[in-house]
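Both of the next two complexes hold chain A, though its partner changes from chain B to chain C.
Let's turn to the complex of A and B:
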């Protein structure tokens, strides 16, 4: 064929495509999408409903709905299009180098595991089916408990908690039941935790009726052991402590902490939300703990789902086993069954047996890895973290407070205090600008004990090139903070929306949690 | 990478972990199934020992409904499924979808404030009651049964530090006591009742209760099944102050009881809003005209902001199930929700009437309206447990056995009149 090219002739030098720039020229989808209520088109509907030829019974006076609910009326393609646009205005782990969400262990969730839970032999099971028809799922739960017993060193596991905080609460209720059974329930009314443990380690015991004592870090960032000695006593019900803490620092005196609390008659409860770097390295039981919990949506790869459904696991020693949530899953050598006859049980933490879809995913994830694989996960996560620390600390204005010269485990809490002093730019503003490059960034839990904090956790899912990209983004934003602070101050520029204005969300006169409230107050 | 860091081996990073607590052996776990093929084979072997019921009459807090394909198309999107806690900028879609979920539920419930979902309906009920306790400063809670014994277990455990729970179910069992008998003392923080209740009954006394509670300064907390509310009046219409429940019926698969998300709704009153532990997303302007932003309303309520000084706690719960329930409500629209409510009411009525024609079978609540769940009483020679076993032999999963004679059956829009007639024919054989 020798048809003339429709394109303008260019010289070879002009036809060459230059290499990619060092940083991604990202722009997120910006659909400028209306609220779903603004998309209503009277008379349209998205799905049909069976309408049998049977009389509808008369409802008692006052129990018949007067007006149909004022939901939008939309065709199926319009509903789908709206939500697909919103999905494009959201960054899932699958789309980005998600190492800026420290404490959350953002790792890859293998797609094959999603296939198992979408199988009707999981998704269409009713929880009250005859046990003979659900032997497979009961075996999965039983086996997953066994895997987590070995990983934690504990004697018994409950998979009922709906997430990490729910598991902390479950552990607190078992602590409460344990002391009550020994006649010390009223006496032991205090729980001790640390500032760098997840906020729920303080909030759940408070909810369960305990007075909460929080240990502050010492000058090196370790929980203050002298403060612990001063705090323990006959009123101590338990110590709830995360290790490694959210700073990524492993508390090397953890056995001593446990001993001090045990000597005072208290129990020790290990928050293993940050277990990703210590799988197969060190276990809760080996450090002397009585209870621990795992977040299966963190360490064990179940997807984070915009903030759940997640799954939690509570693991305990034999002494706490009578108090486990009911039912437990038991195996008599030939059949699996649910044991609801547990008189000392704390009862139900949630409906039925747990977030089963995520329990299936976590089981499959562990089975695909085995012991060696789990250890590889831990070592890779820790290597990635220490490599990233090395890269990030080369950036002007950032530091890594506490435990100087000591290594971090799986994450690190940095400080932009110097950059803030030099430029006036805050950590949050850095985060907004980081999102312009197509990734996430998070500061830390409140209160900000580390000034201008940033918490990074590069799990095993990211390559050296991924880490280099993330560090390069941080370096660029820091450079901008010094040389072009207005660009940072006015970020984000490349996202679905622009900077939000005002304080209306804290004002009862202007906050609007629903379309109804919005129309009444602001429209 | 080690060279760049200046470390000799990965072992150096673990220097702070004392030798005494190191695990000096490999974990004792099954050999890994390294390929997807091996893993799939293993999982398929396990899954093959599960049999979803072809025809099931189980409900009792977990319901099989049709799940529109678009609900899962959205819920399975990587952008939503694998996202977590990004800022309201790069995760704008999650914030808008959850605000819209709150808003769609708000229309269904006729309430102005709905939370980002908590774990499940149990937690929603337990937290709603503690909210009522904080608002009133009172200790006593009245729970009008029948309530699921498991849910009651959760409620009693959860409110224990602040409240004593009195369960009004009557000495003669669930049928001996009527909500119309309710007397509310001046020390009561809240009255909790469900619509429909655990046995599926919509108590005709429900519209009387708000006045009785409010007369002594107590709140009325109502647990409800949201899929009923296109046809049944929302509790706010008869005076409920806090409404709660589980969105599982709205497009979430049963998944062996794991598909839950709890909702809590109130009027837009500061005294109520300040007691929510959950996140509440609100809409806020941006620098560009006509652009919506979203963020946390009154964040300083939460344990995220102030640890143990917050209201209970907040953490990862069930957000994606909320988004999916929102998609469900948008697909159904006002007409779909009305129709599904009426269809289930009609089938529940038909099932009770048809099955009660069978000798040896009674439907003791037939004089009242039931939604989805309904009680059958077997008065022939066989116990409810024996009937259940015989049904299973014939390929039917019967209802939840409540007692020697009673079982809680359930129908939804996926059942046909023929399914119910088939059940009647089988019971005709076995229930005498």
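Let's turn to the complex of A and C:
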């Protein structure tokens, strides 16, 4: 055992169990790094390709470029250095306590699952290989489908969707195909959703050609059931609803919602992108739903899309199974195969098998936990949330609107309305200041029905010490708001850049999300 | 930056002693007799302190004494006094002070309520950006910051390049709420309706979506009666039609047929030609009919039919109602009772919000 450093001191036993959180003295790197296109150095190359000894035939004219691609010319170390520097200016998911990304279900993506994906038996597969040579990966997909059937209670699952929104869109196209097959496609042109459901539940059906009706929350924060009764009718194609909603409030009348829609002839589609609080506790099928979807990058731990490809899964009852995207993975008792001969299918929504790398990760995660482990995930996530609620509500200026006295499930939408009235500080400014302590917080909860909102979602990945640290950061920022508001107002102080002018984010005319767009807008 | 300040020293005195406003000298006397204390000057000073903390370079131009000078001094400033009011001060002093300040300042702050907002509207119209420090009893107008501190914050962050929005000035007169016009108010995203971090979805898109939805509903030649308001005006603007914010206008095939029509003229028009009506609730308050759009008479509404009356509002406007129901008061109880309990508010192209409506008869 090494000698104690000057900074260690012995604490009483109970303090070692839950030590007083220490606020980090964090400062992020600042590299003042140009865009990669601005780093170009004519003639510089990453790989020096030798001149071939033998004559190389010219490409056919149709395959030849008229001019060289406008790419930056750089050596390998320059490229590596550029991206490492950028990564140091990020608050990445493995770097911080991501509780403040409420609604995103941030959790640890176990690194061992990356090892499975990097294994040549997965990474070296080619999507055009003959089925007889990919029996192993087809078996994984088939077995993952079986697990998700059990978790949802549904009869069939498609692993084709590329992400959560892709899965919702796939579900909407199946709803459309179902009504069309029954001769009611033209008549049923309305989809109902709720204000606190994920916004894709409005966006996907609208993109698919439906008219979208949004129900507002009632005084307790539940979707207004009287409004639902007024909304349904012979034009209702479906209800798309999240539960628990983004407020963390579970709708105890969900079966009544389903009944009302079914009686009108509509289908019910459960957004279980985030099933983290209900795994092994309740299932979409048990509440009467016809379809649901999962984001494998939320509940099932695979990386979120911004860090790579995401993956979704659509689950349906037998009545909707004929419409599933093709191909499906089938098993005849001895061999696995892809079934592309599905005449009523809504068609292909992706090439090949789906996002196999994430499907393998999700399969490994579920298998490692087992059925009881999944339930532990949900119970821990709910316990974490209610522990954090207890801590956060002790902070001056914060409140938890709606459904007083009712427990939240896996997340909670708080309000800094009182703190704002007292100090003039906004939720968004609190978020900037929180980043000075090396952690993340976002406020994208629009429109702001809850004034000055903050949504915290402490999934099962976070320890009690993590929760205590996050609550301590919030308490410190709230204290500053009351005693030293200037520090909060001018935050961030420890980030790579200072405040952005928000207005430019609101104006598509000033955006440039690509180099080409930037060049066009400069001109 | 130069900021003008006009304080209505008696704004709000009625509220604290249970009176419904402070507009007349009699009410003010009664309020003071009941023990009311004027707080407007103190609240104005709070706003100035916030402004000064953020913009130490701000110069304050104001009126003498309780109409602004005292608030500035309380905030630790030496203001430039450009107007001296009579004693006691009156609405005429508010108008005169605002007119004197307007040519010399970048932004005019005023402390008061709906009555003061009307005086400011009369004095300066849309000639410069204006912002209300809320100190009145009635504050239904959309020109006020949420609290005095927020007023200082918005003032500090506004500049000549700030976006402005048209904000309704409404006031209750003889028991009914009327729309008097619009002031130009700084539209500071972090302080008004919050922006979506890293994304768009702000008003111009939403309004063009509403316009597209109405265009889908209308058949060639069909009339579209547009009620007053900035939402309806923006819808017309999306079609390249300029309509007045206050009156009721009539369009057909996305061109103007008549502006500022009376109830009788409107009845003739909708009797001769099939029509639809689009109205928007008064911001923050929810009145759809019977406030500022009495040209939409019960006869006109019956002739067109309630199923052809469309409510239009952006999501942000609906959110700003804070759950309060929509309200109708057409002056015809039976017609009010015929409205459904929930209305489909058009919030975008193929997007509606089902929102509760309250009438006295429900």
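Note that in this section the second predicted complex is superposed on the first by the 454 of 523 C-alpha atoms of A that agree within 3 Å, B and C clash if a C-alpha of one lies under 4 Å from a C-alpha of the other, contacts with A are read in each partner's own complex, and residues count from 1 in each chain.
Here, contacts are C-beta pairs under 8 Å (C-beta built on N, C-alpha and C of every residue); 3 or more make two chains touch, one makes a residue touch a chain.
What you are looking at is a predicted structure, and each value in this text was computed from that prediction instead of being measured.
*Asks:* Of the two partner chains, chain B (first) and chain C (second), which one does A:202 touch, if any: first, second, both, or neither?
*Replies:* both
*Asks:* State whether A:442 touches chain B only (first), chain C only (second), both chains, or neither.
*Replies:* both
*Asks:* Given the touch rule stated above, what does A:227 touch, chain B (first), chain C (second), both, or neither?
*Replies:* Second partner only.
*Asks:* Look at the residues of chain A and decide whether chain B or chain C touches more of them.
*Replies:* Touching more residues of chain A than the other partner does is B.
*Asks:* Which of the two partners, first being chain B and second being chain C, lies in contact with A:486: first, second, both, or neither?
*Replies:* The answer is second: A:486 touches chain C but not chain B.
*Asks:* Please indicate which partner A:112 is in contact with in the superposed arrangement: first for chain B, second for chain C, both, or neither.
*Replies:* first
*Asks:* Between chain B (first) and chain C (second), which does A:87 come into contact with in this model arrangement: first, second, both, or neither?
*Replies:* A:87: touches chain B, not chain C.
*Asks:* Regarding the shared-chain residue A:142, is it in contact with chain B (first), chain C (second), both, or neither?
*Replies:* A:142 sits against neither chain B nor chain C.
*Asks:* Touch test for A:151: chain B only (first), chain C only (second), both, or neither?
*Replies:* Touch status of A:151: first partner only.
*Asks:* Figure out whether A:421 sits in contact with chain B (first) or chain C (second), or with both, or with neither.
*Replies:* Touch status of A:421: second partner only.
*Asks:* Once the two structures are fitted together, what part of chain A is touched by chain B and by chain C alike?
*Replies:* In chain A, residues 202, 206, 212, 214, 442, 446, 502, 505-506, 508 are touched by chain B and also by chain C.
*Asks:* Provide the residue numbers of chain A that touch chain C in the complex, in ascending order.
*Replies:* 195, 202, 206, 210-217, 219, 224, 226-227, 230-231, 421, 423-424, 426, 428-429, 442-444, 446-449, 486, 489, 502-503, 505-508
*Asks:* Under the touch definition given earlier, write down the residues of chain C that touch chain A in their complex.
*Replies:* Touching chain A: residues 50, 53-54, 146-147, 149-150, 152-153, 163, 189-191, 193-202, 315-316, 318-319, 323, 340-342, 344, 347, 349-356 of chain C.
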